[in-house]
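Beneath this line is the structure, given in structure tokens, with notes to follow.
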Amino acid sequence: MRISVDPVLIDTLNEAPPLAKVGGQPWTEIPQDLYIPPDALEVFLEAFEGPLDLLLYLIRRQNLNILDIPIAEVTRQYMNYLALMQDMRLELAAEYLLMAAWLAEIKSRLLLPRPAQAEAEELDPRAELVRRLQEYERFQQAAQRLDALPRLERDVFAASAAPVERQIQREPPPVNLADLLNALRDVMTRAELFGHHQIQQEALSVRERMSQVLEQLDAQHFTSFTALFRPEEGRRGIVVTFMAVLELLREALLELVQVEPFAPIHLRRRI
Amino acid sequence: MPELKIILEAVLLAAGEPLSLDRLLDIFPETERPEREVLRSTLVKLAADYAGRGMELAEVASGFRLQVPGTFAPWVSRLWEERAAHYSRALLETLALIAYRQPITRGEIEEVRGVSLSSSIMKTLQERDWIKVIGHREVPGRPALYATTRDFLDYFGLKSLSELPPLTTPRDLDVISAELERRASVTPDSPPLPEPFHV
Amino acid sequence: MPELKIILEAVLLAAGEPLSLDRLLDIFPETERPEREVLRSTLVKLAADYAGRGMELAEVASGFRLQVPGTFAPWVSRLWEERAAHYSRALLETLALIAYRQPITRGEIEEVRGVSLSSSIMKTLQERDWIKVIGHREVPGRPALYATTRDFLDYFGLKSLSELPPLTTPRDLDVISAELERRASVTPDSPPLPEPFHV
């Protein structure tokens, strides 16, 4: 359950409608013992960022110096707030209860008489609480200053104008021969092609020449067999071309036509 | 070929995000690449062009950004109904702690704030790319160490963390303690507080 | 309050997208809203300001937009140059198989690699002009036969396929590979490989 407050109603307190509902009971007037100004009702108790926040709130409300906290009084108020939260069935986090215990401990230590000689060494029991409150307060302030910085999308805005032509230039990845070789070794090792596969016997240059011959030929027209050979390549080149043609024929990639024995041989690609 | 200053203007506008000097140099083919110092002085000239205009050249952590100054927020914000997010106090306090105390663990944040930290806050901050995990503290549980990002600086218009508003200086515990003792001896009793709010 | 023209400039720059006259009018509170005709003539004045600058005001279907003219494309497009990542293992293996076993069908590549081949790999290799279809095998389905291109040879600095390191045994491949790396680190130009494979 929440305390719901209509700010307009606060200005017109004499009016009948309930100011707030607490524990199901409608409030039609501000309680006399309320030391917090009415607008504080707008602050939901659940909006406190934990026990340190609540304590700082109590201290600020009283314009108290953080170094001069009357522990007994602050503890009493703190406990009242916890009671209020419990009445409103806010889930009370462990941190709040821990703080209550801490406050009670400080209070009891302050009440205990201290031997004169111990006084010198012993820190004031409030010191640690004050340190933590101060530390938290620093970051509360830092958060406020951070929030006040001119922020993109709220205060300043990125200026942009769409380019008329936006082409993305893509650089293809570089590859080196060693990469290629490594890839081949991997695939070959996996395929266990070595030892019994024809690759070992097969001439790479024959494979290359097979590609070249296929490119040279077309499917529509016959090409003269002799046109495939280039004398400048010498004997080895001729042998390679011849083997390439044989291999292509074996793989049924070419069609060979010879009208009669010793007549010119013609080749074309199978469609 | 257009003037260098105008090319920079075009590129910054097309980018719509901060561009570092290196990235600005990279838009020129090697043979036409200006000197770094020339680039810098040209940017200064460009910035001067925008006096009294609807934009300004700002230098943030990731480089140079053309932006619409805050003076125009009243009109610009009417373009988008709900664009400028309002962040909760819890989120801002957490962000402040990470910004000023980085690298920091979740436990350390919780200790200063005195309250446990909701996961949604850390998630929001990470989704906005304002914070990131930069390592782990070598203690049991190896908690993640958080730090702010370059995007965080860009977003808040800062060139570096040193431009953050200064933190108020903490008071030394011994000083606090001495102060408390002194006061206690002067005024043993604090004035009573007004009546608390009862329900 | 800034001049109307400057407010429009700021809003158009912040929007980064076309804004219709109606939307531009909407950014003003009702009491300060300019006449439609005033708005239009102010936009004309604004457009004139951009002569010789890195931006221009264009009227497109959905309204007015500040844009970077096409003349700046040579510089602007370099902003988005994508740094090449690496090719996948699958792509390199496929390329190696095509280089050493050409002409080869897709099915044959799949058979050796033992996995099916993604179309994107063949597409990438073709787009890079490293492989091409040089025919079809006369078997059911008439699968395309792939071979490497002259561009492929040029890229790897080979005069012909016979300059590719010879295929022998995996162990030899290790040796060749180590040799290639050694040479690459010593001299930028790779000298011819020891013994090309001859018929």
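Order as written gives the chain letters A, B and C; numbering starts at 1 within each chain.
Rule of thumb we're sticking to: a residue touches a chain if its C-beta (ideal position, glycine included) is under 8 Å from a C-beta of that chain, and two chains touch if they have at least 3 such contacts.
What you see is a predicted model, and the numbers here were worked out from it, not measured in a lab.
A.B. asks: Just to be sure I understand: the centre of a chain is the mean of its C-alpha atoms, right? Then which chain's centre is nearest the mean of all of them?
C.D. replies: Here the chain at the core of the arrangement is A.
A.B. asks: Among the chains, which is located farthest from chain B on the basis of C-alpha centroids?
C.D. replies: C
A.B. asks: Counting in whole Å, what is the centre-to-centre distance of chain A and chain C, each centre being its mean C-alpha position?
C.D. replies: Using C-alpha averages as centres, the distance is 27 Å.
A.B. asks: How many angstrom lie between the CA centroids of chain B and chain C, rounded to a whole number?
C.D. replies: That gives a centre separation of 35 Å.
A.B. asks: Please work out the Cα centroid separation of chain A and chain B, and write it as a whole number of Å.
C.D. replies: 18
A.B. asks: Identify all positions of chain A at which a residue touches two or more other chains, and write them in rising order.
C.D. replies: Residue numbers touching two or more other chains: 157-163, 166.
A.B. asks: Considering chain B alone, which of its residues make contact with at least two other chains?
C.D. replies: Only 10, 13-16, 54-55, 66, 68-69, 72, 76 qualify.
A.B. asks: Within their complex, state which residues of chain C touch chain B.
C.D. replies: 2, 6-16, 19, 23, 26-28, 52-55, 66, 68-69, 71-72, 75-76, 78-79
A.B. asks: Mind listing the chain C positions that touch chain A in their complex?
C.D. replies: Residue list for chain C touching chain A: 10, 13-14, 16-17, 55, 65-70, 72-73, 76-78, 80-87, 89, 92-93, 95-97, 99-103, 112-114, 128, 134-139, 145, 147-148, 155-157, 160-162, 164-170, 173-174, 176-177, 180-181, 184, 190, 197-199.
A.B. asks: Quick check: in the complex, which residue numbers of chain A touch chain B?
C.D. replies: Chain A reaches chain B through residues 22-23, 31, 33-36, 40, 49-53, 62, 67-70, 73-74, 76-77, 80-81, 83-84, 87, 93, 95, 99, 123-124, 126-128, 130-132, 134-147, 149-163, 166.
A.B. asks: Once bound in the complex, which stretches of chain A touch chain C?
C.D. replies: 157-191, 193-195, 199-200, 203-208, 210-211, 214-215, 236, 239-240, 243, 251-253, 269-271
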